[in-house]
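Just below is one structure, and these are the notes that go with it.
In this document, chain identifiers A, B, C and D correspond to the written order of the chains, with residue numbering beginning at 1 in each.
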Amino acid sequence: MDDKITENSLILIIDVLDNSKRYLVPIERGKFSTKRGEIDLTELVGRAFGTVIESHLGRSYAAVRPTFYDRIMRGIKRRTQIIYPKDSGYIALWLGLRDGMKVFECGTGSGVMTSIMANAVAPDGVVITYERDEFFFELAKSNIEKLGFANNVEMFNRELADGIDYAPYDAMFIDFREPWEHIDIIWSALAGGAPVAFVLPTTNQVSMLLQFLTNGNKFIDINVAETLLRFYKPVPARLRPNDRMVAHTTYLIMARKIITD
Amino acid sequence: MDDKITENSLILIIDVLDNSKRYLVPIERGKFSTKRGEIDLTELVGRAFGTVIESHLGRSYAAVRPTFYDRIMRGIKRRTQIIYPKDSGYIALWLGLRDGMKVFECGTGSGVMTSIMANAVAPDGVVITYERDEFFFELAKSNIEKLGFANNVEMFNRELADGIDYAPYDAMFIDFREPWEHIDIIWSALAGGAPVAFVLPTTNQVSMLLQFLTNGNKFIDINVAETLLRFYKPVPARLRPNDRMVAHTTYLIMARKIITD
Amino acid sequence: MDDKITENSLILIIDVLDNSKRYLVPIERGKFSTKRGEIDLTELVGRAFGTVIESHLGRSYAAVRPTFYDRIMRGIKRRTQIIYPKDSGYIALWLGLRDGMKVFECGTGSGVMTSIMANAVAPDGVVITYERDEFFFELAKSNIEKLGFANNVEMFNRELADGIDYAPYDAMFIDFREPWEHIDIIWSALAGGAPVAFVLPTTNQVSMLLQFLTNGNKFIDINVAETLLRFYKPVPARLRPNDRMVAHTTYLIMARKIITD
Amino acid sequence: MDDKITENSLILIIDVLDNSKRYLVPIERGKFSTKRGEIDLTELVGRAFGTVIESHLGRSYAAVRPTFYDRIMRGIKRRTQIIYPKDSGYIALWLGLRDGMKVFECGTGSGVMTSIMANAVAPDGVVITYERDEFFFELAKSNIEKLGFANNVEMFNRELADGIDYAPYDAMFIDFREPWEHIDIIWSALAGGAPVAFVLPTTNQVSMLLQFLTNGNKFIDINVAETLLRFYKPVPARLRPNDRMVAHTTYLIMARKIITD
């Protein structure tokens, strides 16, 4: 990749003294105001990504190139609970996502997991995603276009209850409240042996889904898991975990389709 | 992807009653022996992936298509502690890996993380990886070829101390015992603003690395984290975590290069 | 306490090089055989607790005074899943156990929690405990006598279904499979405002119990929690968690009785 | 215990609809004002603990008997980081605290752990505790008197560096920044074979302490651990962990004194 900032670059500005303050900004905006002074973005053109400059009040800011993950986390509008990286990274691996795969998702939500999966199957694969709520459908559409994944995503404003088109799928990601109600539709649209991952926040939902997954020899390799991510204060002489952490996001339920006569 | 098993397919055989028993087998082997009877693999040709067949002793086995992750976990020889999926999935996201990126790794070890990163940057990207130990270099080479990632990996049997060629890199993954000794080499070879992830098993190593990362305005966005993955018994009416779990694999240390005058 | 070992002492022998090898032994036994040689216990008489001696094969062993907790963990027969110290310590605090309290328990099991609670309410308090299974009743009786808590425990081989005598109680600990079936009996026998702690291993049981606790203005301050205990390798220069840990023992459910008209 | 509220009772008032709102109040105060109306405490006299009454604005409050732990958590002034119940309960068990023991503590801090240990060794035992900071010494003194543990605690406003009087001790709890500096004093004052527990917040401190504990055959049974406590939303049909939790309080380091010639 090009390592100079240009007039068309999108940069992630990180406050050097307080890294939690970070902003995704296009250089073409010209000026950017923070609580600690204004940054003249045009000064950055022609300089390397990673350069540290000062606001007019003397505060230091680094201008780094955003990763696709920074852009997902900072560059779009979210109106739903999103899948956290501790979960989405594990799911993407477990599903075995790779270039060229055809993946089904329901529901799209804000499009965060859609984008992560589109990135994983790009450039030759596709994520086909259903969202029944028109507001979220439009929001996700806008987000996915903004993130540049439109070529690898096909979005539909429809319900799973109406069936799944373009089957079979190499993998599926299911994120809606009562997936067991449509477990037969999900099973039918999966390729034989293909993996499916569900996310559900409560133990009651997990138990209910497991009833359907374990019944009738339809699925194998059924896993239930949860992930925890604990951050530490990065102080060399006083290394210790942060005081607080996220205690729960979702349970992950994974399975593979089997075919018995 | 094709959904019928052919004479050239590689399949993952999973024991239906005990899913922890699983074997990666090429159909061309003809026969496969388990403790619970022999499986005639030729019976599977022309049938769908996911099909359940019986051994000659009547035990049921599902023949699913292995994901690339199954192949990494089951299909190669490992002689080192590997990076677990709970960690590698998170690292891949945090590094923002995607098609076309140029990534540096040191050391290669058994080639597991190399393969995961190669998968993430395929088809147009590359992972350049250094391994100083000749035994591991040869092992990883064989593994990476077997997994089909040879086109996206360039391996070198050399030390980091001799410098890093082909810089700058869009991202780096560092996995050896005393990375702080070569922190300047690592910094120099990173593109401005680019991310680097380290893995280290002990708190003493983390403290030492942090001393170098936090010194001299070379890095920003310094994070230390650990991930935990807890599995549950997938029994609908008696949902509960497994009795035991992995308590520790590695600490993750992440940072981005900055450039100050 | 006396700090010399006498002929009547009970000692905990710990292998100095492998602390996981430990044995609770009365001095009066005279000789004690380990895989690494015989220990002459009579040599210890008149020496201080904590003294290190050698077996006849030259292996070092420390002879420490067992705490009451060592005696519970090592000195009795257990046939049930016990409450772990990570849980029992927290429960004892939450229940506010102290000298003089009158506590009810059901079921007794092997008597481990009974003993911990008896210790906490000694010398003037009492734990009244029900166990319907005659085998466990006899086992726990023998254990509690051996541990010296008989003066602070009254055991009954009976079912909760028949009601609870000697009410009201200052605190309760409930450890059997379907406590919701007798929630009215439990409520009636609790003193007004008094705390009760339940342990249940599955999420389904927790949900069911919560239905009963949250229904009808009978309880307040309802808490559900789980504890995790992670050990580290105690190596100064390579501090890190153990590779594996206990992932689950029980869920803790706590509440207090309220009285509404 | 008496189960009627009297004019001299201390009660814990819990808001029935929001249990996190709770107040420790003596009945003799007469009136108690909340954001949701005034409570006439005199109405409670002669009624059972656990009774629910209404404020003048119609909000329901339960008046329960505070446990000693409620009084520690709500009834005293704290100016230091306290030991959490997830840790103090486990420590009390590991130290084997029981009636009659003589325990040493340094430093006293706000007196929370002092009180928990005093409760555990009451009525016949004693906690001797050192606090070098005069402000904390006075604070803890006031707290311990208020909690009614003065008979089982002897407090000294002095440093550990000056040695430990009244040795030997059956158990010790050490809570100050650099305990390794006085490890010989600690060792000398412990009874042979007796247990000591340390709390330290950073990994660097743990490593340093371990250097001293593992050196010179002074200690055995050296453990390093951390505890985690995760709460769940107590909703029967939607059981799930809370969104956030405490990620770190302290590391626990435990050992026993041994004596070699």
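Note that a residue touches a chain if its C-beta (ideal position, glycine included) is under 8 Å from a C-beta of that chain, and two chains touch if they have at least 3 such contacts.
Note that the structure is a prediction, hence the values are computed from the model and not measured.
The pairing of subunit C with subunit D is characterised as same-residue: of all residue numbers used at this interface, over half are used by both copies.
Counted by C-beta pairs in contact, the busier of A-D and A-B is A-B. Our note on geometry: subunit A versus subunit D, Cα centroid distance of 43 Å, whole angstroms.
Subunit A and subunit B, compared by their mean Cα positions, are separated by 20 Å. For subunit D, residues that reach two or more other chains under the stated contact definition are 203-204, 206-207, 230-231, 237, 239.
Interface residues of subunit A facing subunit D in the complex, by the touch rule stated above, are 201-204, 230-231, 237-248. Residues 1, 3, 12, 14, 16, 19, 48-52, 62-70, 85-86, 88-96, 98-102, 116, 119-120, 122-124, 168, 170-171, 191-195, 203, 206-208, 210-211, 213-214, 217, 220-237, 239, 251, 253, 256-260 of subunit B are the ones that touch subunit A when the two sit in their complex. Here subunit C touches subunit A in the complex through residues 203-204, 206-207, going by the rule given at the top.
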